[in-house]
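Common to both upcoming complexes is subunit A, partnered first by subunit B, then by subunit C.
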Partner chain A sequence: MGGQATRRGRLRPYVLAVPAVVVCAGILYPFFVGVGYTLFNFSDVNPQPSFVGLQNFADILGSGTFWHSAWVTSLYTIMATGIETVLGVGIALLLYRSTLVGRLLERVLIVPLMVAPIIAAIMWKLFLLPEIGWVRPIVATFGWQGYSGTDSPFWAFTWSVVVDVWLYTPFVAVIALAGLRSLPGSPFEAAAVDGAGWWFTFRRLTLPMLWPYILLAVIFRSMDCLKMFDIIYGLTTGGPGDATTTVQISAYLEAITYARYSRGMTFMIVLWAAVFAISFVLVRYLSKVQRRAAEV
Partner chain B sequence: MVLLSLKTTAEQTSTYLWFTPTLENYGTVLGFVGSGSSYLRFMLATLISSVGAVLVSLFIGIPMAYAAARYRFRGSDNLMFTLLSFRFAPELVVIIPLSVLYQQLGLYDTYVGMIWVLQLVTMPLVVWILRSFFAELPVELEQAALLDGYSRKQAFAKIVLPLARPGIAAVCLLAFIFAWNNFIFPFTLTSSNAQTVTVSTLGFLGGNHPRFNLVAAGAVMAALPPLTLALFIQRYLVRGLSFGAVKG
Partner chain C sequence: MQATGVGLGAVAGVPLLDGCGFGGQQDKGGSEADELSGSFDWKQYDGKTIKLLLNKHPYTDALKQHKAAFEKKTGITIQIDEFPEQNYFDKVTLELKSRQGNYDAFMLGAYMVWQYGPPGYLEDLGPWMENSAATHGGFDRDDFYPNLLDAGKWNFKNGSALGGGKSQWMLPWGFETNTVCYRKDVFDKLKVEPAATFDDLIELASTVAKKAPGAGFDGMYGISVRGTKEWATIHPGFMTMYARMGLKDFEVDGGELVAKVNTPEAVEFTDKWAKMVRDSGPKGWTSYTWYTASSDLGAGKAAMLFDADIAAYFQNEDTPAAGKLAWHPGPKGPDGSLATNMWIWSLAMNSSSKNKGPAWWFLQWATSKEHLLWAGTKAQHIDAVRKSVAESGGYRKRLSAATDFIDTFDQVIDQTKIQFTPQKNFFDATTSWAGALQQIYGGADAKSTLDKLAGSLDERVNA
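Our next item is the complex of A and B:
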């Protein structure tokens, strides 16, 4: 810009970025301090920690608690993300057709996304309570008398997924709608002229062209589900027993409730590494898909 | 939810739709009636922390977003991705060491401490969205201003900022909503002084005799500000939710 490559001109972007770099450093510092904790036995009982090497990792990877919470986390992520994607894309396809109603409903869709997840969890907790919620009278009319809210492990887990789906299906729908609206019209016209059926058009045209958007939504949802805390904590606090104890909840219990900082941090670092690896693969795949979509 | 918040304690366990609505719960929650809690104070604390976090993010985020939109410089991509990674990383990764650090530094349960961590939520949002806003503004306008004898600073202040104002306003509101809705940071890093509404609403659920009607009133009030603001920024929400990653 401007044509003069002065020394000041070349330095300018760096100067502008300085505050952001400082902030990044301010966040990375505690992060590395935390990574350091994993090598010690730091807790309220051990305020003078001693170096234990990789012992924490060995303990955690050898414990049933960790593998149980990893299993709960994976199942939660796969179920919630999967259902949200199918429902969200379905809703987007429905809304896309009738423009006026579609645009109106699109506005309504966005509203639940602005409710804090913890508030949604509390709200659902009230709905589900056998004493006061409206869920029990409704299931009772269908003849199910044994309803017990989130007291059984199976239902605690199921309801957590339901709340996640209730809260975030609109997110997928909104992204998919934005994608649908941005698709070029000519391939669809050509398909219509050729007399292609709905299913053929959907499988061969809509789905591949919409794929980058769907993938984007899947990335955001799966990353959020892996680290979901608000919904599960608000709804079940990880219980009953350890039925809904995800890795994030385990880490919270270890580090904050029992003040075993090193153990909690080790849980967190393992989760962080998994999140990082999964997001790395998914983002790489996404940019490949986006490039391919740009070429077509 | 709203219905439950209008019921009295005696009525709270009945599921009938017919009852005499009362605003008493809101009075109790806000601390006007009886020995209620100081919800008003929690609302104020949330407001201070959220607005503070947004201001800090703007101060840091605008120059960064502008630099990333207009210049390609060494490390810019890395920096942008580090910022984006804050969105994906589990919050507890920094909370655990921060809770220890905060207690040593005396930042635990303070506004400064809250603003600093909430800024973690808002800053990546501000930078990523504003970058695409700045990138969409034509460079020619700035070049014309420079030819007319403006300095770069003047060109930025008089041309770029006013043009980006709607974008900045939308980003502010969106960042505010995200900060307001955050639960885990205030939950783990505050106790009473800087406690936020989302955390204190959960607090009503505890104890042997939970006052469900109070919980409902609290939840309604905690959800109102973000919902109201959301109506104003509908158009920008999609971009904000996907972090401008669709358009890159």
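Our next item is the complex of A and C:
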């Protein structure tokens, strides 16, 4: 009897872990199937796949297409995340001292967050179309007569970043606002008593203490930007030419449009490795920043 | 050791891929059509239900209006799932790859046969058509325009011509020739005529763009064509004019495809096309799909549209341009060629369908004289794929309301066919081609851009 109870007690942790193991397996299975694809030459042109080892990785890493799309992805991530962070923190600072207008703006602020990225892309695409959109008449009033929507590489990229900024700046602002509201009041009261100015207080108190929140937003946004597909594809289809072709779009074209599944999945796995490495570094930095902020 | 690793990888990997529904061709041998014998009976599958995956299109609208006739005639119930064209083919692609057979039949074009055919996603309709127990006596395959029927036959060898072999991978349902549709009132007022040559077209588009706004057509530009980075930008007006100039996308040399998009003549043509669009086309051209390009004509923003004849036809009702449109074959090539590229909206059967019999009953009815004549005269199902319908009095009377539509159709139909070289990497080639066209439109040097494209295409399409 006692032996049975002991055995049951020993088994209990394993039994309780079963649901977690099942969930983990459910999460990891598709991932490993994806990794499996990368080791074959699987495509509609070649429907009977054969094992090719790391050949797909060698092909992709040796291709100009990959490095161009990696460059576009990096630039997009840096631009969008950077602008969203500055604007988001700025908006949070403006809204922090809540007036009636401020509280109203807080509610308006989150409206873009309720829009699906692909819907935002299509919506903006219509706005930007020179023949029917409303952007052209507005910029024309400022004297810009040569406006041509997303026709040029520069403007296709710029407008893609603008849509990302429109959609996700509120996300950064909401996190920064939550951070501001959670800061302890006493250091600021002490600074006020000492006659510290706004800039000094912001630089020496607000920013260091807010930094973990900002960094959290940066981590989320940069990971999202590295994986961005909907906005850019919806707005520019990766063009003109290959001006806005990110790694995600290259993967989509390979896997869905060109039906070369192994190559598409290889693009994705390389992107996953990059996102994982960058996130790992950022999360470790976040821990350091959190410790430092606690000391302020 | 390495060989062992490769072997183990292959053994372990193929079931992994198969297990995920992405396996290779499953040749079950024979056709279910061979199991049918006796005489044909429309009621053979009474009580069955089939599921269709269809593009949102006037052809689909016509089917929805008329499907009760099929259901009454056969006792088969039709369920339709409809998707807009922007994501329709993604849906079809993923559905076919799953091999779940959730849909029994679907719409596609000839280019999709080049992608869906080799992996075995399509049911060969040949055995069904050959079996008199499976096909009704009035089916009359010779009534289809031969080029349309041939476009559904291919032996899956890169560069091999369409129409070979007995396999029939799709049945034509509706199609499009590519012609120029123009605003007759604008042309009359400006005292200009449709262009006879490509250079004339460039000149004409420029003249209209310059003069139309001052002649009371505020904001009107010269010519509308598609411009997004996808196959659909290359295939209508661009490929039609390209073919009329005697140019080829690929040539076959020793069993390999060799890209011909960078010959001096092709470079000159592409450069001129891009310049024509830049000077006389819409701003924001790189976002232009068939919808935006044709709706600009209907909205009175464009004076000409070089695209599908039916895209313009649908703009001739309930738009500011309604009743003011006229059709023209477009410029001839230097040798008088009216070679025209076409798009065929066809119907095909999913090889994984579990209802192949009822699905075939539907396919033959949907492409029958009975339905197509009804749809062509009572709904917006044009161009007719059957000669008997295209030549019928009711159909021609209806289309005669559109100025010169029938005359234009009659002029180009004999030279209308798929002008691309059939090959399995069609979507890669044409998407890249559209990307190169966008770059040239943006100011990139045509020769170096097309040289680069040709080099990469040679490598990719023969892989």
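The rule we apply is simple: the second predicted complex is superposed on the first by the 265 of 296 C-alpha atoms of A that agree within 3 Å, B and C clash if a C-alpha of one lies under 4 Å from a C-alpha of the other, contacts with A are read in each partner's own complex, and residues count from 1 in each chain.
As a convention for this text, contacts are C-beta pairs under 8 Å (C-beta built on N, C-alpha and C of every residue); 3 or more make two chains touch, one makes a residue touch a chain.
A quick note: this is a predicted structure, and the numbers were derived from the prediction, not measured.
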Touched partner set for A:S148, first subunit B, second subunit C, both or neither: second
Partner with the higher number of touched subunit A residues, subunit C or subunit B: B
Which of subunit B and subunit C A:T257 touches, first, second, both or neither: second
Partner chain(s) touched by A:G241 [first = subunit B, second = subunit C, both, neither]: second
First (subunit B), second (subunit C), both or neither touched by A:P49: second
Partner chain in contact with A:L129 - subunit B first, subunit C second, else both or neither: both
First (subunit B), second (subunit C), both or neither touched by A:R97: neither
Doubly contacted residues of subunit A, that is, touched by subunit B and again by subunit C: 33, 37, 125, 129, 131-133, 256, 261
Interface residues, subunit A side, partner subunit B - complex: 1-2, 12-14, 16-17, 19-24, 26-28, 30-31, 33-34, 37, 107, 110-111, 113-119, 122-123, 125-126, 129, 131-134, 137, 171, 174-175, 178-179, 213, 216-217, 220, 223, 226-227, 229-230, 234, 248, 251-252, 255-256, 261, 264-265, 268-269, 271-272, 275-276, 279
List of subunit B residues in touch with subunit A within their complex: 1, 4, 12-13, 15, 59-61, 63-64, 66-68, 70-71, 73, 75-76, 79, 82-83, 85-101, 116, 119-120, 123, 127, 139, 142-143, 146, 152, 177, 180-184, 188, 198, 201-202, 205, 212, 215-216, 219, 222-223, 226-227, 229-230, 234, 237-238, 241-242, 245-246
Sites on subunit A touched by subunit C in the complex: 33, 36-37, 39-40, 42, 44-45, 47-51, 53, 125, 128-133, 136, 147-153, 156, 236-242, 253, 256-259, 261
Complex interface listing, subunit C residues touching subunit A: 5-7, 9-10, 13-14, 16-17, 20, 22, 24-25, 90, 93-94, 115-116, 118-120, 228-230, 282-287, 292, 296, 299, 301, 424-425, 427-428, 431, 434-436, 438-439, 441-442, 444, 463
